[in-house]
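Here chain A shows up in two complexes: once beside chain B, once beside chain C.
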Partner chain A sequence: MKIKQACYLLLAVTLMIVTAEYYQSKPRPTALNGFSAPFVYGQFTTPQNNPLTNEAVALGRRLFYDPLLSGNNKLACSHCHQQKLAFTDGMKNSMGVSLKPLSFNTPSLVNLMWGPQHFFWDGRVNSLEEQALLPIINVDEMDQNLDELIDELKAVEQYQRLFSKAYGAINKQNIAKALSAFQRTLISANSKYDQFLAGTIKLTDEEEFGRKLFVAHPDVKASLRGGNCIDCHSQFLTSGFNTKYDGFTNNGLDNEEQLLPGLQAVTGKPEHKGLFKVPSLRNIALTAPYMHDGRFNTLAQVMDHYNEGIKLSSTLSPLIVEANNIVNGNKKKPSLNLSMEEKKAIVAFLHTLTDEQFIINTKFSDPFLQEIKIE
Partner chain B sequence: MNNRIRLSLSFLLILVIIGICGLSWYKANSPRQLTINFSAVVGQQPLVYNQINYPNPGGPGLFKIRDFQFYISNIRLLSEQGDYIATNSYHLARFDNEKTIYTIQFNNIPNRSYRAIEFAIGVDEKANGTIISQGDLDPNNRMAWSWDVGYKFILFEGGLQHGDTLYPLVYHVGFNENYRKLSYPVQGELQASVDFKVDIMKLFNGQANLNMAELSSIKFDRNDTRFLADNYEKMIIAVKQQPAK
Partner chain C sequence: MKSYLSITKYTILVCTALLITACSKEPVKQPDSEKSQALVLLRGLPTLDTKHSVAIIELDPESAKFGEILQDYELSNLAEPLHHLYYSPTGRLYATGLDINCSLAEIKLVRDLNGAPLIKGHHCLDTQGQVIGEDIMWHTSNGKEYMFVTFMGGGGLDQADGGSVGVFDPQTNDVVKIISARKSQVDAGKPYIMYPHGISAYKDRMVIASTIHPDLKTGVGSTITIIDLNSLSPIETITVEDAKPVGFPSSPVEVLFVRPSIVENVKPGVLVNTMFGFETWYIPFNEADKTFAEPVKIYNGVDEGTGVPLEFYGTKDELFISHAIPGVVKRYKLSSLPELVSSGPDIKAELGAHHMIFYPSSSGRKLIAVQNNLLNLGNQADNDPTDIDFIAKVNDHSLTIHDLTSSKRLKTINFKEKYNKGIENIEALFGSGFIHHH
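Entry: the complex of A and B
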């Protein structure tokens, strides 16, 4: 009898030790609390090997705001992606540690699980995970050696803890995964437009006039006036379309001689020359300057471009050339031929896409500042 | 002893018979697969995107196709033993792949004797009036207009080269009245794979052939869109089945 009892005891102890070992060695991340996605944005997927968890998002957020990620330990991702500007920087050209103005404008980080799943202006990577490390190692942006970064992170006790809870090891893949997980939570869906869609508020007459123009492709024959925005910017997301490269377009910024490679650099196809990613217009009033190279300072200038500044080239979208609000428009000089009042109304509608909560949501803000406050 | 052997043999025989019956029953009743292929051509020519090499159907110049896609929906197989009705059956057919083929695959078709395949071009009124994502319907995709207009059923974009001018070509057709149901009889037994040809040129060939230089865009004019719908109703042609080997 005694032997039997001893055996049971031994078994129980072994089981406890094994369980404890198991729990210690394998991270047990928990599904993200309070996560919801707006119905009108439709379905989305997260990578199977990188689900949204509290631990991954907390780690990603800390990394996003940590200047340790740059070579000189001075610039974090949030240097160019500032929450108060809907994760842009207000500059014409992005500028990193080299202080060289780069050839592109910092894109906003918003609703990244929808719209084109090709990232950077030319769509050269196909996931956020692939994207995440590239600005870190780019010599002009954050200029960081990844092995050094891993050593630096390993030296911080808090990162040891956060990584082991979220993923396990501190390595390149897990840094990329954590940054991606955090960025996927940056959902903006509480603008005036969203409240209008939910039926809780009304738009002003001018905003509603602008909304109608926004969603209409003009058709003179059917007496329909339109701003033609929706041909590239989907109705709810206001981003480019998600399938294949449908979310990339040549919007007439440059003539044939000045046309940059754009998407052609990725696909090698001549029909993709000068095509760039169509950005989300969410919070667009906060993300000036505009276009992939930041060439326009104001939304009024953007409207003028689409209305009367289109430059012809071989890959220019036929939807842009064809869209006209007057009969027998000049095909060699495409113009929407909107009135001043109509242009103003569209800009008024664009202002309804600003989400005041998104830019102050503490879930997205700098965790280091919050720590200081608590101390 | 003798009796025992006889008993065992009879038992075995019964088992074998049950097995054979069961297997043939299973074969007759187990679900089967069906592949439907839509292969795009432009008249007598293969579909090559972004190449100016197709004649304007009703006028001068040559045209190119930048994009061509349309909704195939509500696929059903008709049978005296009960129709097979596909669920969430909204398929956005696109042909921008190496073989310019769009394929729909079904894995659980009841094994019945089918006499016809039916489907429609476009989106039925009910689905066209909601923003619920089902099948390939997505209110944020390229086929969606605004929610109060519904979906484009068919999208054709390209350009017409005439003289030194490249005219933009934009043909977008939607509206409930342009939803077109199609029916194709099944010759003999339904094969595992059914092939259709989609002749894009037929979109512009109707009572009159469309002159792209005159009418380079069709979107919301009801008469023009009906003209294209009457044409696309005839653009999908069943390819004669090869007899089963």
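Entry: the complex of A and C
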């Protein structure tokens, strides 16, 4: 009898300790407040083990803007991904701590939950979590040893608090998760185009003309003129499609000899040579220079490329070859054959993709600056 | 000692319970694919004490949630339900309505934190007094895009020959023009618009069908009317009728302007289903001089054992026509139009076979869901005052789900049994569904 009671008691005490511990250490993050996204952007998912919570996003935002993440403690993610430029840096080739020009142009960070869920220009990582630590350890970007970074973060009281509220431990996985959670909230959905889609404003005649061209496949027989852009840049998001590698194509920037591996570097398939991620065109007027190597400085140059600068190669998208606004177009020299006026109208439409609120939204801005202001 | 033991036991119990709740409070669940989800308009049934609503429902037979209503957005201030759902080309969701105070509405959809669709609100639009909204289509007139809506009741139910087509600014939803031409107010032999329902268009010609007075007793139509989209006015009324199998006028209901954008290289022409004629007619269109030839009967329900043909829906390669009696959807080769050449066995739905959607299951199986209800009026057996005998019989209140390849039925959801509601209309979530409807 005594032994049985003692056993019960022991069990009770153990359970109490375990439970108390559980409740104390296990963070209780709260579902992100005020979230809403446009219906037409489509379905999205977040990783089961990294839901959008207020705590994760707050932590991620701080990390994103903290130069502590770099080896010399001088350069944050926001060095290359600046809010006022829709999270790009305006450089042809970005430079990190090594001051060596990077081989790729910095892409905008926007509406990342939609579009291709393979990141970087060549799609070499499959989630934001997987991506987040790569710039930190890259010697030419932030050049930071991760164990050192963890020690540095552990030494900051605020990080102890933020991590314990959001995830628990300060470790690699949780750094990556927090950065990803913050980046997932970078939703741009209040451009002039969005307001047009919601029916609250009208586009000017030129912008509307450009919108029609943007969404139309040219059909010479039906005398329908078009720019064919939504064959690759989807109608609402303006990004590539999200199924598998559908959002990667070769849009004719280079001929066979100059073609970089692109997606082929990831899949090894020859038919993927020179395929790059179709980027979102949201805030495109703010994110010059353009293309994976920043080769074009203006949207007019981009239009000239699609209209008369297409280079032939074995993997050039057939969608580009087929789209033509004149009868019997020369397949050896693909061109949209748009007029000056039509090209200008498409550029006018591209300007409606600028979201003035997105680039000043304080939810996305540097928390350190806000703290200084409050002090 | 006894109480001591019970405290220990109690502690164990509480701790265990707490641990269980701690474990179950894991992060938000991931959504299922929404390709198999649909929007439905539901009618509250007066004798069953339910409210009209717009709902999102799961229709994947392979899902554990099959038949489940994921969100039921009640329209508690409406005496009559919303009638038909349509997406605009820019992804806005609209519904026509049977309530005198809500003949046309825009429904606000957003996405929640899980990426799932959420019905956030609705607002009834000013129709300048036009009532009983039926069909909507977006089309251009003089290079400008408009939203066209047929109002079967026109300026009011007291008009014995009412009916109009509302032309709306697709951005602001403002009325640009009400096209109306009541038979009693135009000279004899001149084109008129009466009880318009079906609508379709090709280039600068729009066609609307004259169906039935919304009170279902004042009058029945037998014509289609052509509208010139340059002037936004009716230019010709064509009778589409011969035999009267049930003694009523033919009651043309849905129309489809068959055109090259639907069927490659086709000579354009208009298909018309006559609700009480039980027929499908074809009216050839001469593009050169913009004239319509004599209507030709291409399907006779009396010979085929079908009645009350209703909708036209198209996929990439097939045309589907629903027949409320006996409740079948017939399928034809799109490429053979305007001839109706069968492309597969009948889809055996239920009495009232009406609207439909096309969608994939999670394993990629191609499916069709058919909504079986002519009109969701009540049944006399329920002591329902809205009962109209003939129509109550063609109301199964169900959705039947079939394999699109074999036409075989896989599942049935009876809304009256399951939710105490009728089902008025079905539409897939944006991005899937059908290709040609108008």
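Quick note on the criterion: the second predicted complex is superposed on the first by the 353 of 375 C-alpha atoms of A that agree within 3 Å, B and C clash if a C-alpha of one lies under 4 Å from a C-alpha of the other, contacts with A are read in each partner's own complex, and residues count from 1 in each chain.
We take it that contacts are C-beta pairs under 8 Å (C-beta built on N, C-alpha and C of every residue); 3 or more make two chains touch, one makes a residue touch a chain.
Predicted model, so just to flag it, every value in this text is computed and none were measured.
Peer 1: For A:318, using the defined touch cut-off, is the partner it touches chain B, chain C, both, or neither? Pick first, second, both or neither.
Peer 2: first
Peer 1: Contact-wise, after the overlay, does A:271 reach chain B, chain C, both or neither (first, second, both, neither)?
Peer 2: A:271 sits against chain B, while chain C stays out of touch.
Peer 1: Touch test for A:31: chain B only (first), chain C only (second), both, or neither?
Peer 2: After superposition on chain A, A:31 lies in contact with chain C alone.
Peer 1: By the touch definition at the top of the document, which applies to A:287: first (chain B), second (chain C), both, or neither?
Peer 2: A:287: touches no partner chain.
Peer 1: Which partner does A:191 reach: the first (chain B), the second (chain C), both, or neither?
Peer 2: So A:191 meets neither chain B nor chain C here.
Peer 1: Which of the two partners, first being chain B and second being chain C, lies in contact with A:5: first, second, both, or neither?
Peer 2: A:5: touches chain C, not chain B.
Peer 1: Name the contact category of A:144: first (chain B only), second (chain C only), both, or neither.
Peer 2: neither
Peer 1: First (chain B), second (chain C), both or neither: which does A:236 touch?
Peer 2: It touches chain B and chain C both.
Peer 1: Just to be sure I read the superposition right, which of the two partners does A:332 touch: chain B = first, chain C = second, or both, or neither?
Peer 2: A:332 sits against chain B, while chain C stays out of touch.
Peer 1: Looking at chain A, which of its residues have contacts with both chain B and chain C?
Peer 2: Correct list for chain A: 40-43, 221-222, 236.
Peer 1: So in the complex, which bits of chain A are touching chain B?
Peer 2: Answer in residue numbers: 40-43, 114-115, 215-217, 219, 221-222, 224, 230, 234-237, 239, 241-244, 246, 270-271, 314, 318-319, 321-322, 331-332.
Peer 1: Give every residue of chain C touching chain A within the complex, in rising order.
Peer 2: 1, 4-5, 8-9, 11-12, 15-16, 18-19, 22, 27-28, 30-31, 33-34, 90-92, 106, 109-117, 171-173, 260-261, 430-431
Peer 1: If you look only at chain B, which of its residues touch chain A in the complex?
Peer 2: 49-50, 66, 92, 96, 131, 133, 138-142, 144-147, 157-159, 165-170, 172, 216-217, 219-222, 224
Peer 1: Within the complex, which stretch of chain A touches chain C?
Peer 2: 5, 8-9, 11-12, 15-16, 18-19, 22-23, 26, 31-32, 35-46, 48-52, 113, 196-199, 201-202, 221-222, 236
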